[in-house]
Every structure is written in structure tokens, then in C-alpha cells.
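Some structures are shown below for you to check.
Each of the two complexes below includes subunit A, the first together with subunit B, the second together with subunit C.
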Partner chain A sequence: MAGSALRRLMAEYKQLTLNPPEGIIAGPINEENFFEWEALITGPEGTCFEGGVFPAKLVFPPDYPLSPPKMQFTCEMFHPNIYSDGRVCISILHAPGDDPMGYESSAERWSPVQSVEKILLSVVSMLAEPNDESGANVDAAKMWRENRIEFNKIAEKIVRRTLGIPT
Partner chain B sequence: MAEQGENMNKSDSTSEPNQDELILAQQRQIEKEISDSIPLVGDKELITSLNNEYSADNIYLEKVRDLATKYKFIRRTRPDGNCFFRAFSYANIERLLGKPDEFEAFYKVAENSKDGLVKLGFQQLTVDDFYDTYMEVLKRLKNIENLSEAYKELHSVFNEQGFSDYMVVYLRLLTSGQLQKEHDFYSCFIEGDRTVADFCHQEVEPMYKESDHIHIIAACAALQTGVKVIYMDRGIGKACTEHDLPEGTSPTVHLLYRPGHYDILYQ
Partner chain C sequence: MPVVPLERLPLPSLRVYSFVSVVALSACTYYAAQIIKEPNWNYPGDFDKNDDNFENRNGTDSDGRTVSQFVSDIFTVMTREPVCVWTMINMAFCWFILLGRAVQKLVFGDLRVSEQQQLRDKFWNFVFYKFIFVFGIINVQYIDEVLLWCSWFSLLGFLHLLSQLSKDRFEYLSFSPRTPFWSHVKLMALLAAIFALSGFMFVVSIFVGFFGGLNTFFFMFYEVLLLAIRTLHVIIRYAFHLYDVRNETTPPTATDDNRTLDKRGPVSYYVELTFDLTALIIDLIHHLHMLLWSNIFLSMASLVICMQLRFLFHEIQRKYKKHRNYLWVRNHLEQNYPMATKAELQENSDNCAICWENMDAARKLPCGHLFHNTCLLSWLEQDTSCPTCRMTLNIQNPSVANMEPPELQTDPQENTRRPFNHFFHFDGSRYVSWLPSFSVEVSHVQAIRQNHMATNSQLDAMARQVQTLFPHIPLSTIIEDLRVTRSVELTVENVLDGRLIAPPMFRDLDIDWTPDRNTFTLNSEPEPSARNWDEYNTENVETEDTAALGSRFSKSSTEREKILHKRKEHMIKQARKRYIEKQKAAAVVAKSELQS
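And then the complex of A and B:
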């Protein structure tokens, strides 16, 4: 099993290197272990996360791509769909039926024909458009709904920190 | 930058236990315990072995009696949500063993199937491994001349999780491809305002999602063969209900359906 997972991860890595989607870099942290990747995601333009470069870690199960990886930001984040410890909570990282957050039934789900690239693109959309219905971070979801100005201020601070600019 | 990130994480991470994930993990564990006690695909057993499951249930016992007039054996599959795809895939290949011409014809259908999927928009990279595994298994079986060796090999491949699950995924993809190719026809059977493509992404392509009529009809069309499904439930009457899918085809594979689960039947 692990052999198939490794083959698939190598193929995806090659594809991402040859054809990187805009604003995303991803690959194994160490080429000895293809089951742990690091990704760098640029905050989408025109959003409060614009300009930030956000590092995240992806951990793949031995039966990947039958099961999805887990993803966790390793920088400070404040976002309705990201837990305070950085774990990302979006529907594409869950198989249908796994419904802790009550995702919409039409939301994109994990299946073996999804890919790292599709996950990262979904995360970029999530940064641009938080889903405040499924609050992994309730404070962030509330602030996003009720006090956008304050939310944007915090986001800006986080963006500056990811760039190493004093806040 | 990474270092800075880690530092922040440490100060921030109170790591509260995440209830949702704990619940999911426990659910997984229970499913695993159930499924580990049942092989992916079991041995052929006498149809009357069903009686043991229903010793105190007269409605079912009547129906087993009826079933036994038409079928001699049953082969059970693991109830993991993949049972239709696993059973159908297994029974379809099994019926081809010892029939080189029909096997060859099916081999050709399978061989050309990947191009169809890629044309429909499946990313080749994500299809390759499943297709390769499927073809590898067919090739392996094609080259075994001794029939009983071939049956044995089929059985062992389908009980090896890695191979077995990849066979399931590929049939799921072919089924999804068939639904999307004929989306005008299939869209009438999909409830709600989901598109055929949405339905495929949510109900067909993911592992462990159970199958309905629509999956079966599309899977039959994809493999160009028919299935007879015998329905056995607590409904009125002494006989089980039968359905040939797609309607009007002569079935090559016979499946027993009990609410939520499919097994293979043999005459």
C-alpha cells in the first residue's frame, strides 16, 4: 500500500514542480520522507490576507489517496476555518459522511481523484472567502461576521508577521 | 520563517482536544473492528448458510428457502460501503475465467477505458495508479492457464487490501465516467438540485460510499454487462424480489441485496 501512496505522491510532486499553480509552492520537507510536505501559500489578492506568505504542513496517511492528508498552518493564523493550533478545516479534507462541521452537502469532498493541488487551491479560496457556517475558530467566525474592520486588522498583523515585518 | 512559525505555534497551541475529530476517530475504530472480522471477499458457502443468520426470523427463513430453489452458493463480501463495487468487480472477472474470447473482449474494453476518463476531464495523474493496478490484475489472470489456479489468484488478489481497494476505486471511476458521459439520461434519477458531476464527486468517487440503483446501472453500462439483483428484506411475500439491471439485459452476475449490503450469488 505504502508503495502506491509513495508513487502517487512523487507524481504529484513532479506535477506541482513542473506546473506550479500561482502563489503556491509545495513539496516534501525532506525527500527521504514523502509523507510530510511543507507548503507556502500566498494570501490571495484583494483580500485581508493579501501579501502574506503562510507556511503549512501536510501529513499523508499510508493509504493516500484513498484517505486525505491532514493540513496544519505552522504560522499564527486567525480565520473562521482554521483551528487555533493551525489545523485546517475544509470539506475537501473530509470524505462525505464525515461531517463534524456540518458542511453543505454540495461542498467538495475528498476522493482518490482529488489531489494536493486541489486541496491547496481550496485553501486559497477559503482564505479569500471564509465559510462562517462551519466555525473551527468561533471567535474568528464571530468577528468576521460582526466586526470586519477588527478582523482585517488582525489579518494584517498576521500578514506582517509572516513576512518578518515588525507589527 | 518556518522557525518563527513554530515559535508562534508553541505559544498559541493550547491544543484543546478536538471533539469532532475524536468522534470521527472512534467511528473509524468501530468500523475497523467490524470489518477486520470479515474478509474482503469470502469463500463460496452453501446458500443454506444464510439460515444461521436468521434462526429466529420466519420471514427471512421463508425467503432463504425461496432463494435456495434458484441459487446454490453465496460468497459474502465485507460490509464496508464498497461491497457492491467489490462484489461486482470480482464476480464479473470470475465469470470470464476459462472463457478466453470473452475475457479478451473485456480486456479490450478495460484497456481503452482510461482514455475515456481523461477525455471527460479526470486528471490523468490521479487515474493512472488505479488503471495500472486494474490492468495488472487482468493481465495476471489472463496469463494463468490452469483454471483453478486462476480462481485462486483472483481470490487472493481481491483479499489483498491494496489491490482490492484499487480495483474498487477504478470501478468507481468508470461508473462516475459513465454517469457523466450520459449525464442527460442519468440526471433524471438524481434527487435535489445536484448536477450529475456533483453526485459523482460526492456519492460515487469517494471510497466507502454505498451504492444505489443508479450506481449499478452505470457500472453495468461501463463494464458492458448485466446484473440480476435479488432483494431480500422483511417485505411481504415469501419470495425475494428480482431485478435485472439494466432492464432487458441478460444478467451475467447475480447479487444478493439485503438492506445496506451486497453479496455474490451462484446458481
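And then the complex of A and C:
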């Protein structure tokens, strides 16, 4: 079980190292445990998260790629689709069977042809365009809809914190 | 060091304990030696032997005995004196603990936190069930019997725990691509030793059963069998894993790869299934036997056994359903989707999209997508659509699907966890003020569970409580600590006293939080005067070595780690530089606007 998952993760790691997508770095935190990765994601340009580098942790199940990994930002985040503890709510990370919100079509959900790279790219586009319907963080969703200026200010603060620049 | 409630109890450390045991034993030996020096001492037990020895002893002096005689005399005295017997038993236990420690040091090194937790849970669970067995079911009357059962169960429990620990460690090792060869050898040797010892225990159970009757034999036999099966299971899984890993390190030639994949799928599936089912069924029979053998239908013990029976029964049922689904999907696959032809394979030179490995033989779905047979099978077991294009395949197994469709599709991790934690809480003070309150958590840790991040809901709730106070500490760290402290207050204290800190990986990137000032300060940069961007000298980021970093995937894992770390640092530096430059530019624009 774990053997084939390990091989696949190794292949993905290799690919992400050799051809990294723009603004994304990902790899195992410690190679003693190949099933826990850290990813750094650069905030997409032209959005309120521009310039920030957001660290996130990915935890893979032993039967990966049959089941999706879990992803959690380890820095402070304020975003409609990210829970306040950093967990990411995005359809690609949901197993086909479970549908916590009850509206996603199974086409958007996890399948073994997905990969770490695809997940991280979807997260980047999620940062750029929050999905209003799934309110993982209700406060953030409300602010995003009603008070964009305040939202941008908070995002700016978070960006600075991730860069180690005082607010 | 985190605070451990158990250690706050006045439990002596192992060193003190073994020292005290040794002292007590030597005191007893001395006492025995004094007794046999007395001239009128004789063997109280063996009278026939006594007659001829008596003359001898009177003739010579007590000092005239040979050493071996002396030792055997002392031993005889000690087995007659209750106090001495207890010290000897104590000493045996002490040896046992020391032996366990030695094995742990030799094979496992330091235990990880989750392993310790797992071990502690298992240990108390075992003690709890065996207590019920000895006093509730066998209902022993004499202290000798209790002692015999105790020693039997200590040996058994010891082996069970070791085998459990080896399993955990194996699962952890299988997460890593760079485990040293020696740790595999050590672990395998330990597993083989456990297996051999279970054979010895089997002989013991036959021997005891010869005197104690068939029931006793069976009670002992089930346990030994369970131990042997579980150990063998781990050994076989381990062998499969090693075979797999070896295959990975040697560059897979086309034929080689194909052979392992096709063989491994069904074989390992059936091995897994057989072992799981056998273990469950033996356990079920064991419990049924216990329930029926003694008339204990209306007692606490029967309640516990019934609960266990129910759990086992559900497990077996679940396994059976899963297997039926597997068979159904496999048949459907074989009948409806043909293997891809050579031409099709050549035309589609991609790797299998599921495992990313080379395809020499593949099955073709109606939508035209190709996958390895085993990969496809394991996916279709949980979802019935093409992984690539999501085309729905009509493989709904009517019988299984109607019964419980969500059961089969939910995340297997969740699935195995949910029903297995029983939490009993007894609040005595609600009834009578002096009654104690206690809670017992019985957790059944499943074979497939490797996710040490997994927590039960109680811990999770507590962790969230802590995290609202300290958002900068990752949840996993808090949970690890809570496992030890089991109290929100203690964990909060640990954080405030600086005993619990965010792991360095996060600290480098994150903000340092000082609780007393309640403010966020940075840990990397000296505090600059706010908003004066010119004071920041944008760090000189060496661009030349990053070019080298980007396009290499090293063979050595330490080098890979180093490169990854450098790339991360570089990325943050670059981002910071860009950000500051942008702010500078914005400030300049603002200034010029102000001037004009």
C-alpha cells in the first residue's frame, strides 16, 4: 500500500523539483516521513494576496492517490474558503463520496489523476477568486462580499506577516 | 518537558525500582542464609530425603555443605516464606521490565510520541480486559492460580505490546524512502523472535491444558494463536513492502515492473483479507467461548464481552461486504473492459495516470482511457467513474449499493476510526457524594490506521480551545501536547512557560508571539522605524546558485532536503525584496504627488 504511494509521491516530488510551476515550491518536510509535505505558495499577482508567501502543510493518506491529501495553511489566513485553523476547503480535496456542503458535482472532486501540482494551482486560483458559495470562514466571506476595502487591508497585513515585514 | 500526570504520581523511576528490588531480594537471601545456618533447621517438606540427610548434617557442620547444596537450600527456604516469595515475584517483574527496556533501546531507539500513546492505551486496555477475564470469567479462588494467570498474561501482554509496537514502527518506516538497512533487520529479527516465542507459548498452553482441562487450554490457545497470526501478518506485510522498495531502487525494467504489479495486487489483497478475517473470527470465537462457558449472563463481565462481540461482528460484516464489492468490481472489470492491445499501448505512450508508472499491460475503459489493471480496480472499488474524464461507468453492485452506499465511499480513514472509540463516563457524585467519577476510553486501534494526526473528537475540541488562545501554534503540535497533558489548562501553561513552541519549520516563517505583551513582533529582522522603506537594505540574493538549485533532483535525500530548504529561503527572500521595492516605488510616487 504505502509502497506504491511512496513511489508516486517520489515521482511527484521529482517533477515539482525539476519543473516547478511559477511561485510554488513543495516537498517533504523531512524525508523520514514522505507523507507530510510543506508547500510555499506565492500570492497571485493583481490580487489582494499579491506578494505574500504562504506556507501550508500537506498530509497524504497511506492509500494516496486513491484518497486525497489534507491541506492546511500554517500561517494566519483570512479567506472565505479557508477555515480559521488554516484547513483548505476546496472541492478538489474532497473524496468523491463525501460532500460536506452538498452542492459540488463529482467532476470537481478528487480523482487519482489529480496531483500535488494541480492542487496547489487550484489553491492559487482560489486565493485569487474566492468561491462565495462554500463558506469555510463566514466572517471572511461576508467581508469579501460587503466590505472589500477592509478585506484587502487584512490580506495586506497577512502578506506582510508571511514576509516578516512589520505591519 | 511536558507535564505528565502519570509521572506526577509518586511512581518510582525504573532505576530506583530495580535498586529497591535487588536490595529486597538480597535481604531475603540473607535471611534465608541465616535460617539454614541454624543447626536444627531441616527441610520441612521432603521427609524421606530428610531422614538420611539429618544424620549427615548433624555430623558435619552447616558450613560443610557444597555450594550447590547451599544454593538449593536457600531457594527451598525462600519458596516457603511468603515474604520471600513476593520479593522473588517482584524481582521477576523487575527483570521483565528491564528486558522490555533493553529490547526497546536495542530495536526501536526512542519511541515517538504517538507510539508511546498507542502503547499506553494498549497496555491499559489489555490490563482491563484481562482483569475481567481472571476475576469475572475464570473466577479464580486461590492466590496461586491468580499468580499463574498473572505471569501468563504478563508474558503474553509483553509479546502483544512488542508486536504492536513493531507494527507501528514498520508502518512508520514504510513512510520513508531512506530507512537504513539495519533497522529493517532488527525489526524483522524481533518479529521473528516474537513469532518463535508464540510457538513456545503454544507448548506451554498444551502443557497447562493437560492438567487444567480443555477449557483452560482453549482460553490460552486463542490468545497465542492471535498473537502468532498478528505477528505473522506484520512479517508478511513487511516482506511485501521490502520487496516493493527493493524493486523501486533497482531501475524497473519493463518486464520486471509489470510482473510485480500484476502479481502483487490480488495476492496482497487476499493475504490481507485472510489474516484480518482469521484474526477477527478467532477473537469472536474466543469471546463467544468466554460468554458461554461460565454462567455470567447477568454481570458486568458479560456486558463487556457482549460489547466486544458486537464490535467484532460488525467488523467481520464490514470486511465481508467490502470483499463482495471487490469481487463484483473485479468480475465486472474482466467481463466488460478488454485489455488494451499492443497498438493501443504504443499509441498511448503515457504512464498510468494513477500510479505514474510505466504501462505494459492496461485495461481500457469505454471512454478510451488506459490504466493498470490493479490501479483501476482499487479505484473503482471506491468510486465508479473514469478517473480521467469522470465518465460514469455502470458498475453499481445492486446488492451492496442498496444496502449502504455511503459506507463504501467515505474516506476509509474516517471509516475505520469512527466506531472504534467507546467512551464511558461515570459521574459518581451525581448519586452519592463520596462516589468517585471516572471515565474509561476503550480504543480499538485498527490495522490500517497509520494516521498519527488522527485524533478523537475530545482531543480535537480541546485543541481548538487552546488554539483560539494561541493561533500561531499549529493544531498538530497542540494535539501532541494534549495527548500527554490531557488538560487544556496544563497545555496552556506549557505554552506560556515556553515548553511548547511551534516547530522550527513554522517559526522561521511565522511570527513570534510573546504572550506577556500580547503583541506580534518579528523574530528575524531588527525593528525598523515604521514605514521608512529606505532603511531596509534589500538583501543581496545570490542569483547564480539558484539557477543551479532549480533544475536538479538529487539522488541523496539529505541533499534533496538541503536544496529544497534553500529554494524555500530564496523564494521568501525574493518575495520580500520585491515587496519592499514596490513599497518604495509607491512611497516615491506618493511623495512626488504631495510635492506637486
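Just so it is clear, the second predicted complex is superposed on the first by the 161 of 167 C-alpha atoms of A that agree within 3 Å, B and C clash if a C-alpha of one lies under 4 Å from a C-alpha of the other, contacts with A are read in each partner's own complex, and residues count from 1 in each chain.
One rule holds in what follows: a contact is a pair of C-beta atoms (placed from the backbone, for glycine too) under 8 Å apart; a residue touches a chain by one contact, two chains touch by 3 or more.
Source: prediction; values computed, not measured.
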Following superposition onto subunit A, is the placement of subunit B relative to subunit C best described as a clash or a fit?
clash
Tell me the contact category for A:33 with respect to subunit B and subunit C: first, second, both or neither.
second
So, does A:83 touch the first partner subunit B, the second partner subunit C, both, or neither?
first
Based on the superposed arrangement, let me know which partner A:162 touches: subunit B (first), subunit C (second), both, or neither?
both
In this superposition, which partner touches a larger number of subunit A residues, subunit B or subunit C?
C
I'd like to know which partner A:150 touches here: subunit B for first, subunit C for second, both or neither.
neither
So, A:20: does it touch subunit B (first), subunit C (second), both, or neither?
second
Check whether A:10 is in contact with subunit B, with subunit C, with both or with neither, and answer first, second, both or neither.
second
Let me test your reading of the model: by the given contact rule, A:61 touches which partner, first (subunit B), second (subunit C), both or neither?
second
Where does A:133 make contact in the superposed view: on subunit B (first), on subunit C (second), on both, or on neither?
neither
Running into subunit C, out of the candidates 95-103, 131-139, 185-193 or 239-247 in subunit B, is stretch 131-139
Do subunit B and subunit C touch any of the same residues on subunit A, and if so, which?
3-4, 7-8, 11-12, 38, 53, 55, 63, 65-67, 74-76, 84-86, 95-98, 106, 111-113, 161-162, 164
Interface residues, subunit A side, partner subunit B - complex:
1, 3-4, 7-8, 11-12, 15, 38, 53, 55, 63, 65-67, 73-76, 83-87, 95-98, 100-101, 105-106, 108-115, 161-162, 164
Complex interface listing, subunit A residues touching subunit C:
2-4, 6-8, 10-14, 17-18, 20, 23, 25, 27-35, 38, 40, 42, 51-53, 55, 57, 59, 61-63, 65-67, 72, 74-76, 84-86, 95-98, 106-107, 111-113, 159-167
Under the definition above, what is the set of subunit B residues touching subunit A in their complex?
1-2, 4-6, 8-9, 12-16, 18, 20-21, 23-24, 122-123, 125-130, 133, 161-162, 165-166, 169, 173, 194, 198, 201-203, 205-209
In the complex, subunit C residues that touch subunit A
171-172, 174-178, 240-241, 244-245, 248, 353-357, 375, 378-379, 382-383, 385, 387-388, 390, 406, 408-413, 448, 450-451, 453, 464, 467, 471-472, 474-475, 505-506, 509-511, 520-525, 527-528, 530, 550-553, 557-558, 560-561, 563-564, 567-568, 571-572, 575-576, 578-580, 582
